[in-house]
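You will see chain A twice below: alongside chain B first, and alongside chain C after that.
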Partner chain A sequence: MKREVRRKWAGFLFVLPGLLSYLIWTLYPIIKSFLMSLYKWNINPRIPNEFVGLSNYVKLFHDDKFYTALINTLKYVIVTVPGQMIIGLLIAVLLTRGLKGQTFFRLLYYLPVITSWVVVSVLFQYLFATRGGLVNYLLKDLLHLINRDIRWLAQENTAMIPIYVLGIWKGIGWSMLIFLAGLQGIPKQLYEAARIDGANGWMLLRKITIPMLRPVIAFQTVMLTIGGFNVFLSVYVITGGGPRNSTQVLSSYMFKEAFDYFHFGYGAAIAVIFFLIVFTIAQIQRKLFKREIY
Partner chain B sequence: MKKIFLVLALMVVVVAVFGVEEITFWHTYSTNSGEYKLLTEKIIPEFEKLHPDIKVVETQVNYDDMRQRLIVSTATGELADVIRMDIIWVPQFGDIEVLLPLNKAFPNEFNKLKDQFLPGPLSTCYWNGNYYGLPLDTNTRVLLWNKKLFEEAGLDGPPETMEEFVNDIKLLTKDKDGDGQTDQWGYADYGLGPWNSIPWIYSFGGYILDPTNSKAEGYVNSDESIKALETFKDLYYDGYIADTVVGGGGIGTFEGYAEDVYAMIIAGPWSWPIIKGQYPDAEINFALFPAGKGGSKSVVGGEDIVISAFSEHKEAAWEFAKYMTSYEVQKAFVEVSQMPVRKDLVEDPIIQNHPYFHTFMKQLETAVARSPHPGWNQINDIMDLAWQNAIVADYNPDFALWEAAMDIEEVLSEFE
Partner chain C sequence: MKKKIMDLIIYTLLFIGAIIMCFPFYYMVVTSLKESAYIFTVPPQMIPKPATFENYKTVWVEADFKLYFLNSLKITLPAVLLNVFLSSLTAYGFARFKFPGKELWFSVLIATLAVPGLLLIIPQFDMIRKVPFFMDNPLTIVLTSGIGGIAFNAFFLRGFFESIPRELEEAAELDGCGIFKTYWHIAMPLARPALATLVIMSFLGVWDDYFWPSLILRDKRDWTLPIGILGFRAQHGVQWHLLFAGTIIAILPVLIIYFMFQKYFVKAVAEGGLKI
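On to the complex of A and B.
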């Protein structure tokens, strides 16, 4: 009995640091944001905050800019999550084929993951510049696919494209790495047996690799979705939300309201809605992927 | 026991009488600049010599991090005693009572000092009956014209009127290599926000807010304001203004000016060292922004020196703020390219003999401060959007500005 108690205490002590950091850095800010969202919040602690109930939320639901930001964020997730995973998987499969210099290529593809968002965002700004940008040079002068420079960042319908491309490019390495780990776990016999049954490469990928990677795919979908919702620095640096708010995403809009306009209560309301959306989507994804098929 | 108390009490008294008061000073002078060297090696040591009881601890903060730092420190009540702050932030931080209203804290001295400053920079400290700082340094944007391209086009000097300006912009736009795409533009700038549009709007005789900063309708969408936007829009649509104004990327305005791609740009005094740093042989020619119905008007930039309302060393902080705006210190800073805010320095030989300050000082006489209002960040974005709506999305200029008027009125009502 005594030993039982001691073991419980020991267990508790082991989780305590993690629990504390969760309480302080995750749970407390969530609760605090929710409380802030009910006030006309003033950052000067000497000025009392004015309680406004749900009026920040009422305003939010009538705010066109909020919906634009929400839709842009969803589009970003829908484009970049599959984009990263498909390319990441293809590269991972290629890199398990025993090519020469495999390790070198793995390192090379992982490099974008560890580079600074700000630095590569500035770089992408140059790549997609109207005049003298590398992308227009390739499309116009080298491949002759277009005959006039595309004004990527100056037009509303194209300004999001560099941000998508950056998001995918920067995430491929991480996706590849997780897939590589997943691929190691697939028993070789399955492929051998299938080959004997006359399966070709495409069938191997569809009938064995992808189903066997299901838990990895589920994990990546959830993680990349959460990551995608948090898109901020690339937007902040490349377009600043423009032209005409056409690239505003939830986090950049929240930042603008809170830190540029000092609407901290309103910014907190955006954060709360933002949290609820991401939380719900992550739960749905978890449910969907829970069904095991083998 | 009693003895110990006595000793302790004595020590407190000694520290209070002979102790050194420490004040903290946050600023954004970059650490490799001449300004920083002057500040740390000469200005602060001399101040400490004059006031042996005050010690100044300076902290350099990058401009991009300063705002974040101010907000976080406000929330925790740990602001520096003295801060060099961008002029457009002062009313916003003043409004939330983070800054000390100097006209209330030191009324006699402040009223005596007030009139020594240029009115444009001084107005940036004012909000709602209070002055939340002293102007510290100032700047404005003037026209840079490329003499070589002007001569090629048969023009002998920079435009002085709006009509000449529009005409020259058209004459100076060319397709040099004949591939059907323009490769030399008459005018370039890097955005459509008020920092970029105010010279156009006000030189055309338009406004953003009324002189008391309490009304937008009829000002931001006055006939003159609409005319400014219309003119700019037509020039852009016909390809005479480079794509950089809508954030299209491409060669920057300074590089483009030095490489004969842009015949005219508008820029602050820092353009000189930046262009000369990259292109030592570039010829730089400054001129006043062309005058329209409203005269030649440009936009005021710069910094104010403010004192935290949380400060426990307000008197010492005030001494330092006064010192930083004194004749000697302001004059010393001119030599490291900081433009002064004092009237008595405008005619000073140090300005008159400076390689390029005189055009900027001349422009400053009529330059317009971005409305000192705590909602300025919102007004700024509304104006930016209105110009983008007209120029990127082809809205009718008078509709775009009418919408802006409605939105700005809503912002103004937030602060009533």
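On to the complex of A and C.
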């Protein structure tokens, strides 16, 4: 009996430091976010903040820059999520054919995933530089597809492209790795049986591989969508949201309002709406993929 | 014959893919070895001629990258230790003991996994700036990075602790081993593969973090590598040869860890990915 009581306390003591720091550093800030969005926050911490009700939200719904940021974020998700998954699946399928050097290729394809966002963003800024940038050199001087250098980052209609390309390039490896694990779970007999029935490679992919991978595809869609909504550093480093705020995404716009202008209440309102959108989309996706096992 | 041609096509595709994935890195290395006159030539040099290590020396000594590197190290190592230690305590508590409200607490922990970190950063910053001691203090980054991600880590490790047979720990306790000693000397060594994975994930997270440290560490002498890289770019514009020498210094430790522990990596991503 005494041992039971002691173990109860011991368990509590084990989880206490972790739980306590979690309450202070995660749970409390979540609640605080909602509260802050109802105030006009003062830069000077000593001056009391002014309660303004929902007026931050009213302002938000009339803010063109917010809509631009929202649309850019959605576009980023729509372009990069399928982009990463299609290429990731393709590579995974090629890699599972039992050729030599699988580990080596896997290692290389995964390299961008582990490299810091700051570093690869700076790198892509250089690759897409107008004069002397590698991409323009490739398109103009090597392939002769264009006859003048494209000012990728200076024009509103092209500035998102390097950000899309970076997002896909950096995420392919992760998608590939998850698909590889999924592919290993498909029984080989399925393929053998289908081959005997005369199915070709394309049919195998469509009728066996993709249906069998449904849970993996569902999982990746949800995870990559959440990740895509969080796009921040690539925009912040490569374009800084410009030219003329045309590449601003939700997180970079929030950062700008909160930490460039110190509009903490307004920034918190953006964060709350941002959270609600991600949460809703994740829930819808979960419903759509309900049949799949997580 | 047909199979051979097929294999050849696949190899070609894989090679082209690998070149696309790795070429930007190669180009970064090449640029970091160029002299400044050669960084914007058309056609771009694919092999630096003349090649020089001077850029590395310049950023390491004159551009303070040595300082940033040491700052990054001083923050990352204790933060990772704290993070893994706290996570393992929490996970062990949930895995091995019964106490009131246990499952409720655990589900609260899990429920917030999907909350984007961005949502938290404004109130977190507001909390920190109210205490002057915490502003411009590297200790703040150690502590806050050390407790970030505990929810996910505890979730990840709990399963692992539960999969270890209980008998060993029970035997140790019967021999008079205290509860904490049992955790430290029996359970922790058995959990080594999972802990290694956690150390790597945690290291990457802290080492590469830019957003949060840049808000707290405003003094140049406290900057970490990511802040230093963007700070250098802001100051020296497009001196790419120097900038890339700096970025290579920043990713080198990550690459070394990646190539050393890539087995753990692959397992962690594949298993962790499918379990969540």
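Just so we're on the same page, the second predicted complex is superposed on the first by the 261 of 294 C-alpha atoms of A that agree within 3 Å, B and C clash if a C-alpha of one lies under 4 Å from a C-alpha of the other, contacts with A are read in each partner's own complex, and residues count from 1 in each chain.
Everything below uses one rule, namely that contacts are C-beta pairs under 8 Å (C-beta built on N, C-alpha and C of every residue); 3 or more make two chains touch, one makes a residue touch a chain.
Just so you know, these numbers come straight off a predicted model, no measurement behind them.
Novice: Go through the superposed model and pick first if A:Phe14 touches only chain B, second if only chain C, both, or neither.
Specialist: Only chain C is touched by A:Phe14; chain B is not.
Novice: With the two complexes superposed on chain A, say which partner A:Arg131 touches: chain B (first), chain C (second), both, or neither.
Specialist: A:Arg131 contacts both chain B and chain C.
Novice: Using the superposition on chain A described above, determine whether A:Asn42 touches chain B (first), chain C (second), both, or neither.
Specialist: It touches chain B, and chain C stays clear.
Novice: Residues of chain A touched: more by chain B or chain C?
Specialist: Residues of chain A touched, chain B against chain C: more for C.
Novice: Look at A:Phe259 in the shared chain and tell me whether it touches chain B only, chain C only, both, or neither; answer first, second, both or neither.
Specialist: Once the two structures are laid over each other on A, A:Phe259 reaches both partners.
Novice: Have a look at where A:Leu288 lands relative to chain B and chain C in the superposition and call it first, second, both or neither.
Specialist: Neither partner.
Novice: So, A:Gly242: does it touch chain B (first), chain C (second), both, or neither?
Specialist: The answer is first: A:Gly242 touches chain B but not chain C.
Novice: Touching A:Leu54 in the superposition: chain B (first), chain C (second), both, neither?
Specialist: A:Leu54 contacts neither chain B nor chain C.
Novice: Does the superposition put A:Arg148 against chain B (first), chain C (second), both, or neither?
Specialist: In the superposition, A:Arg148 touches chain B alone.
Novice: Both chain B and chain C contact which residues of chain A?
Specialist: Common to the two interfaces on chain A: residues 45, 126, 129, 131-132, 259.
Novice: Where on chain B is chain A touching in the complex?
Specialist: 67-68, 71, 74-77, 92, 96-98, 181, 243, 246-251, 374-375, 377-378, 381, 384-385, 388-389, 392-393
Novice: Flag every residue of chain A that touches chain C in the complex, lowest number first.
Specialist: Per the touch definition, chain A meets chain C at residues 6-15, 17-19, 21-22, 25-30, 32-33, 36, 41, 45, 91, 94-95, 97, 99, 105-112, 114-120, 122-124, 126-127, 129, 131-132, 134, 137, 141, 169, 172-174, 177-178, 180-182, 216, 219, 223, 226, 229-230, 232-233, 237, 251, 254-255, 258-259, 264, 267-268, 271-272, 274-275, 278-279, 282, 294.
Novice: Sort out for me which residues of chain C touch chain A in the complex.
Specialist: Checking each residue of chain C against chain A gives 7, 10-11, 13-14, 17-18, 20-22, 24-25, 27-28, 31, 39-44, 86-87, 89-90, 92-94, 96-100, 102, 105, 108-109, 112, 114-127, 129-130, 144, 147-148, 150-151, 154, 179-180, 183, 204, 207-208, 210-211, 215, 226, 229-230, 233, 238, 240, 243-244, 247, 250-251, 254-255, 258-259, 262, 265-266, 269-271, 273-274, 276.
Novice: Along chain A, where are the residues that touch chain B in the complex?
Specialist: 42-47, 125-126, 128-133, 148-149, 151-156, 239-240, 242-245, 256, 259-262
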